[in-house]
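Presented sequentially are two complexes of chain A, the first with chain B as partner and the second with chain C.
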Partner chain A sequence: MEVERTSVGDVQVFRIKGRLDSGTSTAFEAAVLKTIGPGANRVVLDFTQVDYVSSAGLRVVLLAAKQTRAQQGGFAIFGMAKPIHHVFEMSGFARIIALFDDEVAAFASVSPPG
Partner chain B sequence: MMPAADAAVLMLTIPNRIAELPAGMDAVEEFLAAHAVAPGDIMQVMIMLDEIASNIIKAAWPDDEDHVFEITLTIEPGGRLLLIASDDGMAFDPTRSNPPDLDADLEDREVGGLGLFIVGEMSDSMEYSRVEGRNRLLVAKQLGVPC
Partner chain C sequence: MLLRTRIVLIFGLATIALLAALLVPLLVVQNLTERALTTLQREEQGAAWSAALENAATPFELLLSQLTVDPALLAATTSYDVATAGRLLSAVQARTGVYRIDILARQDRLFASSAGLAAETPLIDTNNLALRLQRDPWLLGLEAAPDGQMLLVVTTAFPDGRALSVGANVSAVLKTLGHDADRKLFLVDRGGALLLSTSEADWPALSAALAGRDGAIQFDREGRRFDVASTPLLNTAGLEIGTLVSMRDVTAESQRRTLVLLVTGAAAVLVFMALLLALYGFTKDALDPLAEITRMIRAMAAGDAMVSAEMPDRRDEVGAIASAVEVFRRDIVALARTKLTGTLRQAQQQALIRSEMARLADVLEAGEREDLLADLAEIEASAEEGTELAEGFRRMAARVTAQHRKLADLLAERTRDLDTVRQALAERAQLSRLRQELEVARHLQLSSLPQVFPPFPHRRDFEVFAAMEPAKEVGGDFYDFALLDGDRLAVMIGDASGKGVSAAMFIAMGRSILRSAIVRGASPAQALAVANSTLAVENHTMMFATVFAAILDLRTGWLTYASAGHNPPYVVSEAGGVSVLGGASGIALGILEDAEYEDEEQLVPVGGSVVLFTDGVTEANAPDLSMFEEDRLEAALAGLALAHPNEAVATILAAVRRFADGAEQADDITVLSARYLGPVQTAAAGSVLMTADATGQETA
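Entry: the complex of A and B
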C-alpha cells in the first residue's frame, strides 16, 4: 500500500494504491489521521487504485470521517471500484460516508461554501 | 473432509504476527489467479482471509509467544471454494459474534465488530467446531456468482 498526499487549497487529498487491510491499516492510519486537526479538516481519499478494503481499512476510514466531522470539516471518497462500493454498502458505510464517482464532485462536497 | 480428487488445494502455515500476513495474502492471490478465479471473487476471498486471519492473530493466544495457524483453500471442480482456518488458541466461535449496528449515524457508529459480519455476508456458510483443542472454521463460497 502506498499513500501520496497533496494539498489543494484547504483540502488534503490522499491517493491510495494497493490493499487496505490488517497488514496496511497501521500505515494508512498514520498517514491520514495524523494530518487531521484544527484548520486541516477537509479530506478527500482517492480510491481509484485501491485493490480491496477489509474491516481494518474501514476502521481507519470511519475514524477519519469522525475526526473531520468533529472538526467541522468535510470528508469524501471518490473513484472506488464496484466491488469495493459493495463492501461499503454491506457494512452500512455507504450511508454515512460521502462517496463520489469523480474527483470534482468529491472536492466540491468538502470545500467551504462560497 | 476429503477434497475431490481434482480439486485445487493450497495449504498455508502462517505465524501469529500481522507483519507475516501479507506474504500469506500474496500466496492466496496467486493461487486464485492461477485457477482463473474472477477478480471480484478474488477480492472477496482476500477480504475474508484478512478478517479471519487477523482475528486469529489478535485474539487466539493471550501470551506473547510465537504460534502458527493453518489456512487451507480448496477450489472444488464445481467452483465452490472452501476456506478452512485451524488454530490451537483459545476456544472462540466466530459464528456467534454480535452483528454491528449498521444503521448507526456517523457519530454513533462503533469502530469494531465488522470483520466477521463481512465474512458472513460474502460467504454461503460458516461452520465452527472445536476438536482436540483446536478451533476449526469452515467457510464455503460458490465462486462465479455475481454479487
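Entry: the complex of A and C
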C-alpha cells in the first residue's frame, strides 16, 4: 500500500494505492490520523486505486471519519471500486460516510459552506 | 719454520754479527800495532846499525887523530907536496888495511889520497862539508864508493882548513850486527842491487818477496816463515844511499801463534756450539709445551674439545697459557654440553611444536590445515639443515597470525551473528509473549464456541454443524447456536474488525450480550441493538463487529433474522435452489450507539438449509490475490441440496481451500449450516433452554 498526501486549500487529500488490510492499516492509520487536528479537519480519501479493504481497513476509515467529525470538519471518499463499495454498503458504513463517484463532489462535500 | 729454530738461528746470527763487530776493530788495532812495531823495528835496526858503525869507527878515529898530528904528513901538506902526502897515506892504508885515506882541500877538492892520483872523487860527500865539520868534529857515516861499494867513512878537520877522511869496508860490521841480532843482513844500493850480505843464498827469494813492497813483510819459503825489515841508509850529508834489509826466521813463533789462534778459535766455536745447544735445549723445554698447547688448540678448533689435556704444571708464561687454554677447553666442553642440551631441547620443542601445530591444524579447515602442515614440514626440514629456521617460523607465524585474524574476524562476525540471534531471541521472546497473548485470545475465542457435534443428537427436526478455521493470527470470528424452549433454534455468526486480543475480547463481549439477550427472549434485532449499545460506548478505536443472528421456529420453518452489517447468508432448498437472505441492513455493531435494527422473516422449506458464513470465505485469496467471492460460494452451495450440514460445511471449506491453493489465510473462515427437517411432535415439551454443553449431552 502507498499513501500520497496532498493539500488543496485546507483540504487534505490522501491518494491510496493497493490493499488496505490488517497488514497495511496500521501504516495507513499512522499516516492519516496524525494529520487530523484543529484546523486540519477536512479529509478526502482517493480510493480509485484501492484494490481491497478489510475490516481492519474499515476501522481506520471509520476512525478517521470520527476524528474529523469531532473537529467539526468533513470527510469523504471517492472513486471506490464496486466490490469495495459493496463492502461499505453491506456493513452499513455507506450510511455514515460520504461516498462519491468523483473527486469534485467529494471536495464539495467537505468544503465549508459559502 | 719452528719458533725454536728461528730463535736458535737468530741467536747464532746475532752472535756471529757481534763477533764480527768485535773482530774488525781488533784487526784494525792489530794492524796499527804491527805498523808501529815495524817502525819501531826499523828504527831499532837503524839505531843498532848506527851503534855498530860508531863502534866500528873508533879505531879509525884514533888513526885520524894520529894522522892530524903526523909531522911528515903535515909537512907534506903544508908544502903542497901531494905526492909525498899520497905516499904517506898509502903507507898508512897499507898498514892499517883500510880501504882509502883522503885529504881534502879547502874547496872540498881532493888534495891527496892513498889511492894516489887514480882517485878522482872524495870518499865523503863534500856538500857543506866545512859547515858540517864546524858543528861536529867527527863526521861518521856510510858513503857509496865510486866502485859501488858501501864504505864506513870517518872525516875530521885537518890543519890548514883541510879535511881528512878514512873509508873502510863494512862487511865486518854487517857480520857482527847480523850475529848480534840473529838476523841475516843485506845491504842494497839505491837501485836495489845487493852490495853485501851475510847470507847471499837467501837473496833471490828475499828480493822476489820485496819486489814492489815496502816496510815490514813476511814471506814463506820452503815451509818456513820469515820476517823482513828494511831500514834506509843515509850518508853523512843525509842523502839516502841504500837500504839495510834484515831477515829473520819466525817459523816457530808463527806456528806458536797459529796454534794459539786455532786453540782459541776452536774453544770459541765449541763455546758457541755449546751455547747454541743450551739455547736449543732451553727453547725446546720452553716451547714444546706450546706445541702441545698448539695441538690442543688445533684439535679444539677442529671441534674436538675432548682432546687429552697433558698440560705442564709450570709457573711461567707457558703455564699461564696452558691453564688459560684449559679454561678455554673446559668452556668449549661446557659449551658443547650446553649445545647438546640445546639440541635436545630443540628436538623436544620441535616435537612439541609439531604436536601443538598438528593439534592446531586439527581445528582448522581442510585447506588451512594442509598449508599449516606444509609449513611444519618445511620448518622441520630447515631445522635439520640448520638454516632459514627463522624464515620458516616467520612464515608460519604469519600464517598463524593470518589464521588468527581470520578467526578473529570470523569471531567478530559470529559475535554479530550472535547479537542478531540474541536480538532475534529477544524478539522471539516478545513474539512468544505476543503468541501467548494470542493463545489467550484464541482460547477465549475457541473455548466459547460449541465444539461437540452433533450438539442435539436426539433432535430429528433439524441438524446443525459449524466450523471455524482460524487464521494464523486470531481473527474475530464466532459462531453460536442455542435451542430456545425446545421449539426454536437460535443461530449466530459474527466477525469483529481487526485481529488479535482486542478483536477477540470485543467479539466475546458482543457474543455474550447477544446470547444472553436472545436466551431471555429478545428477537435477533433486539439482541443486536442491545449488544450495539453496549459495544458503542467509549469505543474510541472504532472497533466494530458484523453479526448475523436468526431464530428458526422449528414448528413452522419460519426464520426470524437480523443483520449488523454482516454478509447475507444463503438458503439452499431441497431442490438445490440458492437464495440470499436479504433485506436485513443494520450497521455493524459498535459504531453508532443508537443504531436500529429490524427483524426480517422468511420461511425455510423442509429439507432446506440456512448457510451462514463470514467474509473469510468470500474474501479468501488465491495466490494471485483474486478473491473467492459470492458467486463461487453460490456455485458450491448449489450442489449441496440434501447434504448434511457436516458435509455442507466441509465442502465449502474444501472449496475455499482448493481456491486458496496454498496461499496464506488472512482471516478466520467460519461457516455454519442448519438444516430444517420439518416439525416433530413427539417430545417437544417445555420451554427449557436446550443448549450444547461441554459433554454435548442434551439436558431436558
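In this section, the second predicted complex is superposed on the first by the 114 of 114 C-alpha atoms of A that agree within 3 Å, B and C clash if a C-alpha of one lies under 4 Å from a C-alpha of the other, contacts with A are read in each partner's own complex, and residues count from 1 in each chain.
Simple rule for what comes next: a contact is a pair of C-beta atoms (placed from the backbone, for glycine too) under 8 Å apart; a residue touches a chain by one contact, two chains touch by 3 or more.
Predicted model only: the values in this text are computed from it and were never measured.
With both structures placed on the common chain, the touch criterion links A:S91 to chain B and to chain C. With both structures placed on the common chain, the touch criterion links A:D21 to chain B and to chain C. Once the two structures are superposed, chain B and chain C can be ranked by residues of chain A touched, with B on top.
In the superposition on chain A, contact is made by A:R69 with chain B only, not with chain C. Of the residues of chain A, those at positions 19, 21-22, 51-52, 54-56, 58-59, 62-63, 66, 83, 90-92, 95-96 touch chain B in one of the two structures and chain C in the other. Contact residues on chain A toward chain C in their complex (touch as defined above): 19, 21-22, 25, 51-52, 54-56, 58-60, 62-63, 66, 83, 90-93, 95-96.
By the touch rule above, chain A contacts chain B in their complex via residues 19, 21-24, 26, 51-56, 58-59, 62-63, 65-66, 69, 83-84, 86-87, 90-92, 95-97.
Touching chain A in their complex are the following residues of chain B: 18-19, 21-22, 25, 39-40, 43-44, 46-47, 50-51, 53-54, 57, 100-107, 109, 111-112, 114-115, 117-118, 121, 147. Here chain C touches chain A in the complex through residues 473, 476, 495-499, 541-544, 546, 564-568, 585-588, 591-592, 595, 615, 619, 625, 627, 666-667, going by the rule given at the top.
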